[in-house]
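What follows is a structure written as structure tokens; I'll ask about it next.
Letters A, B and C mark the chains in the order given here, with residues in each chain numbered from 1 onward.
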């Protein structure tokens, strides 16, 4: 489904990502782990189109997407979250979900001004979808609160829901468990697995919480100082000497 | 600590004297080509000294004063509470608004001509401010050249009527669309710029358009402007004493009433009222549509918006174009009201006034913007002796608002959306 | 031959105006470099400098002082003191309380301040333009050809030399003095500088004071050069200087110098070969083109978008 080949990203003299490859199949959770500053988020930024990679290819469903503008990549069905939650803070929770469905709605201005039946129908559908996901992540009671006023864990869930209403094929989560307490992490764990099982979404995950990664990942890629270090199933990674050295040796 | 405070307070007082005394206390008097210096009258000097003393005392007891101020609860409501029961509120709101509009419809028949004329101007500012509110308040794009689109609307009507004899009703949509087209073409290249750069570039565009109007004498009449702009007609009826155009009849003859200059003024007012209400309703509708939400999303967090598949250029461009459209609308009405326009009416200060209205009213809030437009236009007229201080006070108010209430006097109330409960 | 002379004359005029623009541009560039805001009221600070200088000159004339260097020196010092105080006060009152908020908030506050100051002077001194005595008269005349004679006035020489002195002093100050080093540190990373014990508030104030003082110098020079001033005199000059700062790369002091000179020359060439009416169009056009195609300017450093 997703294939990243020899991805490189250079900022001036600094080679932040060097020849990283990774592939994701349908209905699979793939994690990227590595010490701080290893270049994980840079890989994400290249994949989601915020950076133009200086080398390598990114194929999404057979289509080359590297260097495409971010919003086009997102419209293909690759949607991401952010390391520091990025919500539309002054808009309500529902509005956050409605905005995300922008392209599902008829954007024709006249149809909206005149409230044509077709437009009403689409609007109703997007409201239903928003309601469904609010229920799913347990934020229904918060629907008309301003997103910025939610608790941190709720904001994290809202961000994921906001991705899901766009009906993506691939979800990229950047440290979704950061700042969550153990109970919340456990909920998140179940949510991510259910996204894969029930909604047929593939997930690419950057995470520091090893228990979460080891629990839910189908495969894991380790990068260190911008270079690929190892890849394999959680079991293989756990026993990989290089990985142990990279983590323990530098910790 | 106390000594430190004293030193700081003294310093602040001296600075106050330094910045106030030379400019306020000494007057340059031009006599022929010679310039002489004269001291200002005693009261000015005394007030400068008093200001310095006040600054000194404030700085000296700064901590005490601030702590007292903090303990006083803010009389203005916070915007954070959850919206109240929506159905009820919406019903009350729509009744009140309808009432106001009906009142506004009949009001001009009972007041003086001057008051109606001023009210028309207020309505023009309301249209402008509502349009700019889309760009600045909703989309978060600081447009300092908004007056350029106003000028495009006004000049379109003026020139079309001068060269092609086009009437108000034909020129109105053309002017608005042309202004929108200008917004679109100007917006296209500049909208990927960062916020503050965008502000300066739009300011530059505004100035360029004004300079062009001023110097393209063969077309626009340069600084002399364009005159003889016709009044609007009502189904072919003119409001003048005599009919100017072949085939038209005059309003007062048709209805067999005595000619009165007031008819025209009131008619213009009513047109402006209808257009202002139309503007408000259309924009209100936009705010509840996907396009309106994406404006706000882009203002809130551009990166997140892009990551959800919104094209930054398309969204910003739509806000810019729609804002320009309504400026063109207002411009056409303005040209018709004045009967004469010149580049003088479209200087940067005008953009700044409209911006001040949006900022004071609360960026994004329609009712706030309407109230601010009324206040900003009418207050200086009510207190004539006060009117030369108008811009001084605007400037100060903009600074104070940014410091204390950047969300404006009437902050936006979020729209409550009812969801059907499931499962 | 006449063409060449005419061209050189435009070049001289352009460089004169340009170096004065550069002096004003320093204020924009330093403030932007440190706190990332456009000090929209800077043009007004410059205008106030010009007014103060005129007040001082007129006052000295009334007192009967006739020795030119003394008049200029006193006028310069007065203008610098008043403008710097104004710069300091503006930062304290209008910018410090909104520092760190959303980018547009300080900008709107600055626009408000600009309108306020314009009307402050307008109310106190009237809106009409007032003649500024040309204290430095005469100049060199160069080879005339046909009806055209090229000249280099003493006033122009004064502007060049003063600008040169100011720029040299500023560079020395930035590179050698403690405060200068602190300025550079703050513009690199304001949070870090704070942690290292630099009083960042003081440094930011210092930036405003320095920028305002240089603007006051420009106010005196350009007031004499143009021969008259009015309360709106700062607005356009401020925009021009901002253009110069952006052109050279905002945040970069040599950039401001370079940008000022380029802008001045392109303006005077437009006046000389097209029409004086369109010189503002050219400078705004230049600003727009630079921002569109090279927003970092000629000598600026690129900014990386952080996510």
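Quick note on the criterion: a contact is a pair of C-beta atoms (placed from the backbone, for glycine too) under 8 Å apart; a residue touches a chain by one contact, two chains touch by 3 or more.
Note that the structure is predicted; figures quoted are calculated from it, not measured.
Note on interfaces A-B and B-C: more C-beta pairs are in contact across B-C. Among the chains present, the centre nearest to the common Cα mean is that of B. Per-chain Cα centroids separate chain A from chain C by 48 Å.
One simple way to say how far apart two chains are is to compare their mean CA positions; for chain A and chain B this gives 42 Å. Averaging C-alpha coordinates per chain places the centre of chain B 30 Å away from that of chain C. Contacts with at least two other chains are made by residues 50, 82 of chain A. Looking at chain B, residues 303 sit in touch with two or more other chains. With touch defined as above, residues shared between interfaces to two or more other chains in chain C number as follows: 307. Those residues of chain B whose C-beta lies close enough to touch chain C in the complex are 15-16, 18-19, 22-24, 26-28, 30, 33, 35-37, 140, 142, 144, 189-190, 193-197, 199-201, 203-205, 207-208, 211-212, 214-215, 303, 348-349, 352, 355-356, 359, 388-389, 391-392, 394-399, 401-403, 406. By the touch rule above, chain B contacts chain A in their complex via residues 80, 82-83, 282, 285-286, 289-291, 293-294, 296-297, 300-301, 303-312, 318, 412, 414-417, 419-423. Those residues of chain C that touch chain B in the complex are listed here as 37-38, 48, 51-52, 54-55, 58-59, 62, 78, 81-82, 85-86, 88-89, 93-94, 97-98, 101-109, 111-125, 128, 130-131, 133, 235, 239, 242, 246, 275, 277-278, 280-281, 284-285, 287-288, 291-292, 295, 307. If you check the complex, the residues on chain A that touch chain B are 48, 50, 69-72, 74-75, 79-80, 82, 86-92, 94-95, 98-103, 105, 107, 109, 112-113, 127-128, 130-132, 134-135, 140, 143-146, 149, 162-163, 166.
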